[in-house]
Every structure is written in C-alpha cells, then in structure tokens.
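One chain, chain A, links the two complexes that follow: it is found with chain B in the first and with chain C in the second.
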Partner chain A sequence: MRGVRFEEVTYRYPETPDPAIRGLTLDLECGEISWLFGPAGAGASTLLALASGAAPRHLGGIVSGRIRTLGSDPSAPAALAGRVAQLLPSPTLQLSGVANTVWEEVAFTPATLGWPRSRITATVDRSLTRLAVDHLRDRHPGTLSGGETRRVLLAALAATNPDLWLLDEPALALDDAGRNQLTALLREEARRGAAVVVASEDADLLAPVAHRLVFLSGGRVAADGRPGEVLRTTACRGSEAGNTSVALLAESIRRLIPESPRTRNPLPVFTEEFLERWRR
Partner chain B sequence: MTTPHLDFSDVSFHYRNGPPVLDAVSFQVGAGEAVGLFGSNGAGKTTLTRLAMALLHPTSGTVTTLGTGTGGRHPEDLAGRAGYLFQHPEAQLFARTVEAEVTFGLEQMGVGREETRRRTAEVLERVGLPGARLENPWDLPAPHRRLVAMATILVTEPSLLILDEPTAGLDLRSRELVHRLLREHLHGGGSVFAVTHDPVFAAETLDRGVVLEGGKIVHDLPVSRLLSRSATPGVPRHPLLDIVAKLELGEWEWRRDRLAHRLATERA
Partner chain C sequence: MTGGPSPTRVHPFTSAVLATGTAILSLALPPWEGPLLHFLVVALVVLASRVRDTLWHGFLLVAPLWFFLVLIHAVLADPGSNPVMFGGRTLARDGLYLSLTQGSRLGVIILVTLTWYRTLDTSRLLDAVAARGGRVAWTGTWLAIATLHTIHRFQDRTRAILAAQRARGLRLTGSPVRRIRALRPLLVPLLLGALIEVDERALGLETRGLPSRRPRTPLAPPAVTLLDHLLRWGIALAVIAAILYRIFR
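Coming up: the complex of A and B.
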C-alpha cells in the first residue's frame, strides 16, 4: 500500500494570490522515512496538511488534482481515524484538553477508537516507555514543559500503531536524549511498515536517518532521491533552506581554497565523508 | 562596574503545591553579553525566563531585571526595556495583520503615529519581511511567523532580549537573519538571554552558557568550552564535534567561518 499519493496537485490558501503547491506529483511509500525539505514557504508543511485532509477541510482554500492517503480520499476522514498520526509544530495546541494525567492523554485516542481496556493499558504503557516519559505518567499535561509535551504527544500518536506519520518539525525544543528517541521511533515505525513523512529544516537530524529526501521549492519538487545525493545537488547547495553542518562547512572552506583537491566536487555532506578527505 | 541587565541572586522557585523547580540559582547577564540557557527537557529553563520577565516571582531570593527588582512588578513594568520571545509564536501573536501586530507594543507605550510608522517599516525591513505588512501572520510560513514575533519585540528597542528557542524550525536564511539581528543588538550595548537546544546557534551567536540541571546551575562557561563537553547532561552535541575531535584541532573552534579558516590555512 502507498502512504500518500499526490497527482497533479495544486493548492491555494484562502485570500492568497499564488498557489502554495503547483502541479505536484509525488508518491510517499510505506516502510520509508521521507523527508520534506526546502526554504520557508516551499510547501513542506502544506503537503502534510493536504495529506491529513486538514487542508482544505479546516484551513480552507482551493485544491485541484487527486490526493490519496493510505488509499483513501483524505477529505472524507472517517476511513483514516486512528491510522494517521499527525504532529503539528506547536504541541500545546494539540493536547486533548480533557486529560487529567499524561497517562490519560496517551490513552485518549485508543479510547475514542473503542479499544478494550486491556489493549489500551498495554499500548499506553509501551508508548510511555518508548518515548521515555513514563516518569511523567501522573503529571497534568498542562504542567509539562515544551519538550516534555512534544514527547508525550509523540507517545500518544505511537499508541494507535498508525500506518502513516505526518510530522511537522518534530524535534523542536527536544534535548539530545529526546532527539535520539525521536530518530529511534522514526526508524522503528518505518521498519514496522508505516509511511513516515517528516517536514523539517533540521538537516543535521534528518539527513542521516531519512531514506528519501524530497527537496521542495516554490510548491514544486526540485530534487528527489537519497538525502546524501539530493543535498549535493545544485538545487540544495546554496539554497535558502540550508544543508547539513558538514556541507555548510565544506562550502565555507571551498570559498577560501577553491583549487584544493580537498574541495573538489562532490562536496561532503556527512561527517565520515568529510573526515576521509581531510585525514592526512 | 555597570549594573547587570539580568541578576539572579539565590533564587528558588516552586509552583503551587509542586516540587522545587529552581534551587538557589545565581548568575548574571551583563550589558553586551549573549548568554545561553541550556538544560534537559523539564529542567526549568522556561520557568527561569518567566521569572526574569516578572511573569512569575521567586519563592525566595531576588531577580533584578535591568536594575529593577521584579518583586511586586508585572511584565508591563518592563515594557520597552526587556523583550520576550515565547517558545511558540501563537502565545504572542493575535492581530489580523503583521503591521497591527508590530505596532501594538508601540501604541501601548504611547509612541506617536509618525514614529510608530517609521519604526514599523524599519523593523519589517530588518527581519526581511517588508512585503508582509498587510498579511495575516497566520498566513505566513512558520519561520516567517517567528520573525514577525521577533519584530514585535525589536520594534520597542529593548535593552535585554529574553528568547525561548529563537531558531527553532528556521531555515538557513532566517537563522542567518536572527544571528545578524542579535549581533547588531549586542553591538549596540544590548544583551541576550536565550533558552536553546541548538548547538549551532549557540556556537555562532552566543558568548557564554549556563546549564540548568536538577534545579541548579551546574556550569557557567564560555560557549566554546561548554560545547566541548559533549557528554555533559543538558549540553547539546554540536554536529561538527566529531570532525573537530578526530582531526585533532586541539583548541575548540566552533564558529563555522573560523573552523573553515583553520582547516583552509593549516591543513590544505
């Protein structure tokens, strides 16, 4: 099964003159971590909203073309209930508001899906452990810090074993331990067969873990492939989006010594490639 | 000695019926200084910044912001002198246009219409959004929304900027813009106190880092030295750490241009 399929999709937000997505065709597969990357306004967050059905259902606007999310039309969301895990960039807006404890927050969606109590208990306990938030289980969600809230929301989303993850800047405000748990979660979920789609500006986090990088520019796909390859393309190099810290360092050095064999193409993107070239 | 812009003296704090969050915390931020606040998730970093802005008050000890003790004060008492960037811009954006958002603070401070117009245009130019004046902030991409929030603060020309994750989710262009704005602010004698998990921002923009763990300040060091302690809880691991370590560059050089210069001159 396909995670998300966009066919000739064009989308315009309400009261804006220019489309945010322009005639875009793209398949995002199950079993893969797909990373959507591009400068601000390139369309990465918009694609997540279209895949979940939030656009145009909640956000308004006009869409043309065809979108299939887990084989269904996302504008009729009943078929996707409990199967799509969507994380918004502002976690506090996403808390249910009805849970008195973190445990209840994580149990909320499984409970609304009508799961039996024993199954809910098992999945909540497992999720709290996976995201290392078990120690917060009795805390009120409203008293959590920004980073803690994000980890609890990820645990809540993992609790339903979703088939599709749509994550918008999932690492915001996470400490290093949280970033490691996040990348472990992404990998496990892809291995389990879920389609994992991440929109992020954090190239250092995503480049080593993503199977595929879709580089967006002006609502179109500018480059698509393995992260190491795409980050070396001219579409990425020198764009406003950025690159890995290693790639940016390599470019800074090339500006200083353009003729050196150390700075020949292709420039390194990852630490090991860089070290290979710079070890004496 | 000049008065520090921010002075925490023996500050302890707990929320009502809650466990201690801060335990006898003392540190200062001086004029012209950029200080980062590091710590694990839940360490109390945001709570600490709220104490600095008189949004909260210490259980014991004193917080002095720009020479004013926060005891009995409210955030508006610091308006125009200290600016606060929330972790999420939705906590501070409410107007229907970028212009209304940016002028709100000036109007509250009683700044005249002509002056307001001039400063608004100028600040939107500085954050790279001169064409967004009449747009709804919520129609902008998230990184630009964050820059609007930054503009609402900068326009009041505060001396002290207290920023909660100022580079979170920003693309490279916006990050470089924030770096430039903050360095200009520091150059003019202002100060910056920023909560961050972003080691690249810390390396490029900040001078000093304090690390909060278990309610206490466990380190207060120059950023370059702090980042070399990659195994320290609460200190983010810099993505170039392995390169610096494995090429045995000795003295830690974290800023990208300096590291590039060293490699180009010493190893080419």
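Coming up: the complex of A and C.
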C-alpha cells in the first residue's frame, strides 16, 4: 500500500501571493522512512498538513491536484482516524486535556476509536514501554516537561498501530535518550510496514535512519534519493541546516587544510565515512 | 485540569444532580429567610470541604451582585410606607428582602457551580457518559469540558503575555488612564493568540481520534453506589418538598 501520493499538487496559503507547493508529484511509500527537508519555507511542513488533510481543512487556502493518503481522500478525516499518527510542532495542544494520568492520555485515542478495553490495556502498556515513559504512567500530563510530553504523545500515537506517521520536527526538546527512543521507534514502525514521513532540519537525527531524503525548494522537489547522496548535492549543501555535524566539521577542516586529500570532494556526511577517511 | 487536586468519589452524575438540585432548591424555597438560610448552609458546607477557597472566589463574584441588588432595590427605591432603618439610612423593606432573596439564590447558584467545577473529575465524567450515552453525548460532554479548560489556558496565556510585556517596559501602575492604555498591548496578543490557538487545538484533537464515529470505550466506568442513590433521591425529595410547601402553605 502507498502511504501518501501527491499528483500535480499546488497549494496556496490564505492571503499569500505565492503558492507554498507548486505542481508537486511525489509518492511516499509504506515501509520507508521518508525525510522531507528544505530551507525555511520550502514546503516540508505544508506537505504533512496536506497529507493529513489539515490543509486546507484547518489552515484554509486553495489546493489543486490530487492527494491520496493511505488510499483515501484526506479531506474526509473519519476514514483516517487512528490510521494516521500526526505529531504537531506544539505537543501541548495535542494533549486530550481530560486525562488524569499519562496512562489515560495514551489510552485516549484507542478508547475514542472504540477499541475493546482489554486491547486498549495491552496496547497502552506496550506503548509506554516502547517510549520508555512507563515510569510516568501515574503522572498528570499537565505536569510533564516538554521532552516528556513529546515522548508521551509519541507513545499515544504509537498506541493505535498507525499505517502512516506524519512527524513535524519530532526531536524538539528531546534529550539524547529521547532521540534514541525516537529513532528506534521510526525504524520499528517502518519495519512493521508503516509509512514514516518526517519533516525536519535535524540532519544528525534523520540522515542515519531515513531511507529516503526528499529535498524541497520553493515548493518543488529539488532532489530525491538516499540521504547520503542527496546531502552531497550542491542544492542541499548550500543549506547549513541540511548538513550533519560531521559534514560541517569536514567543511571546517577543508577550510583549514584545503590541499589535503582527506578534504577533497565529496566530503563525508556520516561519522563512519569521516572516520574511514581519517584512518587512512 | 478541571478535576483539580481533590475530585469527588461519588458518581459524576450524582455531583451534577446535587449541584443542579441545590440550585433549584434555592429557587423553590420561600423568600426571604429560606434562600438566605440555604445560602448560609451551602457556604458552610463549602467552607468545610477540601475546596474551601472556592468560598472566596464565590464571594468575589457574588459581592458586586449583592451590592447592586441592594443599591437598586433598597437604597435607591422608594421606601414606601414600611421602611427599615439601617446605618442611619432609610431603606425600602420589600426591596431589601428582594435583594436578600435574589442575592442568596445567585450566591447558591454561583457557589454550587464553582464547587462542582472544582471537584469535577473530567475523566470519570467522560467515562460515565461513554458508558451511558452514545457518541453524540460523549462528544458534547467533551466539548463542554474542553471549553471550560480554555479558562485555564486563557489565564496562563494572560500571565505569560503580562510577563513578556512587563519585560519590554509595560507599566501597569499609575493613573487610571495609564492603566487603560496598558490594556491594549495585553488584550491584542491575548485575543489574537486565543483565536489562533482554537484552530491549533482543533487540529491537535483531530489527531487524537475525534473524527471517529464509533462509540467511545469507557476506560473505567464509575459504579453507582447506594450513597449515590441516597444523595440523588435526597436532593430530589428536598426540591419536591420545597415546591409542595410553597404551593400548599
């Protein structure tokens, strides 16, 4: 099954002269971690909003072309309820607001979907363990830190075993342990067969785990391929945010010793590449 | 969270019935001694409860109403042939009784509403509604609770904006004119932010399964105990007795 299909999609936000997405055609597959990235205003977060139906339903604006999310029209949210796990940039606004404990918060979506109680109990316990938030189960969601709230929300989204993940900057406010749990979750979900789509500027997080990097520029796909390959393209290297820490370090070294064979193109993007070159 | 630190353990419907019944009882009791005595009893019960600070919040809401009721009906009204002297002033006796009656009734309604809100366990209420009603009833209850929650969000946002504007040099002290002027940089971001947040919140909750049309599963439906039955019937009988007394006395 295909995760999301965009066919000749153009989208313009309300009261803006230029479209945020321009005639874009793109398939995002199940079983893959697709990383959407581009300079600010490139359209990565907008694509997530279009895939979930939030645009234009909540955000307004005009859309043309055809979008299919898990084979359905995203403008009808009932068909996708529980099948799409969407993490927004403001996680506190995604909390149910009626749960007394983290356990109830994670159980909110499965209960709202009408799952049997035994199934809810099993899936909530599993989700809390997966995101390592089991120790927070009796805490009130309103008392959590930003990173804890994000992990609890990820657990809540994972509880329904969604077929599609739409994550907007998921690593914000996460510590190292949280980032590791997040990458483990993304890998597991892709392995399970879910389509995982992440809009992020965090190259250190996504470059090692993403199967595919879709580099966007001006609402169009500028490059599409394996993260290592795309990050080495000129378009992508021109964007500071798109570089991994390793790539930035390699560039700094090249400025210091431009003649060294170790600093010739293509510069390393991943830690292993960097270490291999400097071991020689 | 609406539930606060000390939610009641009676069935959520029981606390709603008690709050509604107490308010109706205040309307049914014969003026003016009935509502006033009832108000004092309710105030004492609140004072003895774990949410006793509700009494102060209630007083802040009720005091202006009382003031204007007495001013309009007793002080400014024609004292007529049966006035009452109070603090060297001649007050209209009927107007004073009317003020006491209406003020007490409003006081009871405000106090029971605040107490019910402070002691409400929203999660248990939603479970109770899910166990009894269909999807529509649950969504309606949830929407009502979510609306109540916006009060807390609004308070938090006000504090944040106030702190931010103070850091940027806003002065909230001084003459009334200065204070009124200081409201603009507070109200504009507050209202605009609240409007934007409504949209974001709607989107956020859509991601939590709200568009589903299936009946909600109650996670831990509260049981109706003997105490619940006693309380419900008790308040119902009290209301009926008060109405019958008013009719046949």
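What we mean here is this: the second predicted complex is superposed on the first by the 276 of 280 C-alpha atoms of A that agree within 3 Å, B and C clash if a C-alpha of one lies under 4 Å from a C-alpha of the other, contacts with A are read in each partner's own complex, and residues count from 1 in each chain.
Heads up, the rule we're going with is that contacts are C-beta pairs under 8 Å (C-beta built on N, C-alpha and C of every residue); 3 or more make two chains touch, one makes a residue touch a chain.
Everything numeric here is computed off the predicted structure, so don't read it as measured data.
In the superposed model, A:177 lies in contact with chain B only, and not with chain C. Once chain A of one complex is fitted onto chain A of the other, the partner contacts of A:275 are limited to chain B, with no touch recorded for chain C. Applying the stated contact rule after C-alpha superposition, one finds that A:112 touches chain C and leaves chain B untouched. In the superposition on chain A, A:13 contacts chain B only, with no contact to chain C.
Looking at the shared chain after the overlay, A:90 reaches both chain B and chain C.
More residues of chain A are touched by B (comparison of chain B with chain C). Of the two partner chains placed by superposition, only chain C is touched by A:81; chain B is not. Once chain A of one complex is fitted onto chain A of the other, the partner contacts of A:58 are limited to chain C, with no touch recorded for chain B. In the superposition on chain A, chain A positions 90, 93 are in contact with chain B in one complex as well as with chain C in the other. Of all residues in chain B, those touching chain A in their complex are 15, 18, 39-46, 87-88, 90, 136, 139-144, 164-165, 168-175, 197, 200, 234, 236-240, 242-243, 246-247, 256-257, 259-261, 263-265, 267-268. Across the complex, chain A is touched by residues 1-3, 7, 121-123, 126, 130, 142, 145-146, 149, 197, 199-219 of chain C.
Only residues 13, 15-16, 38-41, 45, 89-90, 92-93, 136, 143-148, 151, 169, 172-178, 200-201, 204, 239-246, 248-249, 252-253, 255-257, 260, 262, 271, 274-275, 278-280 of chain A touch chain B when the two sit together in their complex. The part of chain A that touches chain C in the complex is made up of residues 52, 54, 58-59, 77-78, 80-82, 84-88, 90, 93-100, 104, 107-117, 120, 140, 142, 156-157, 160.
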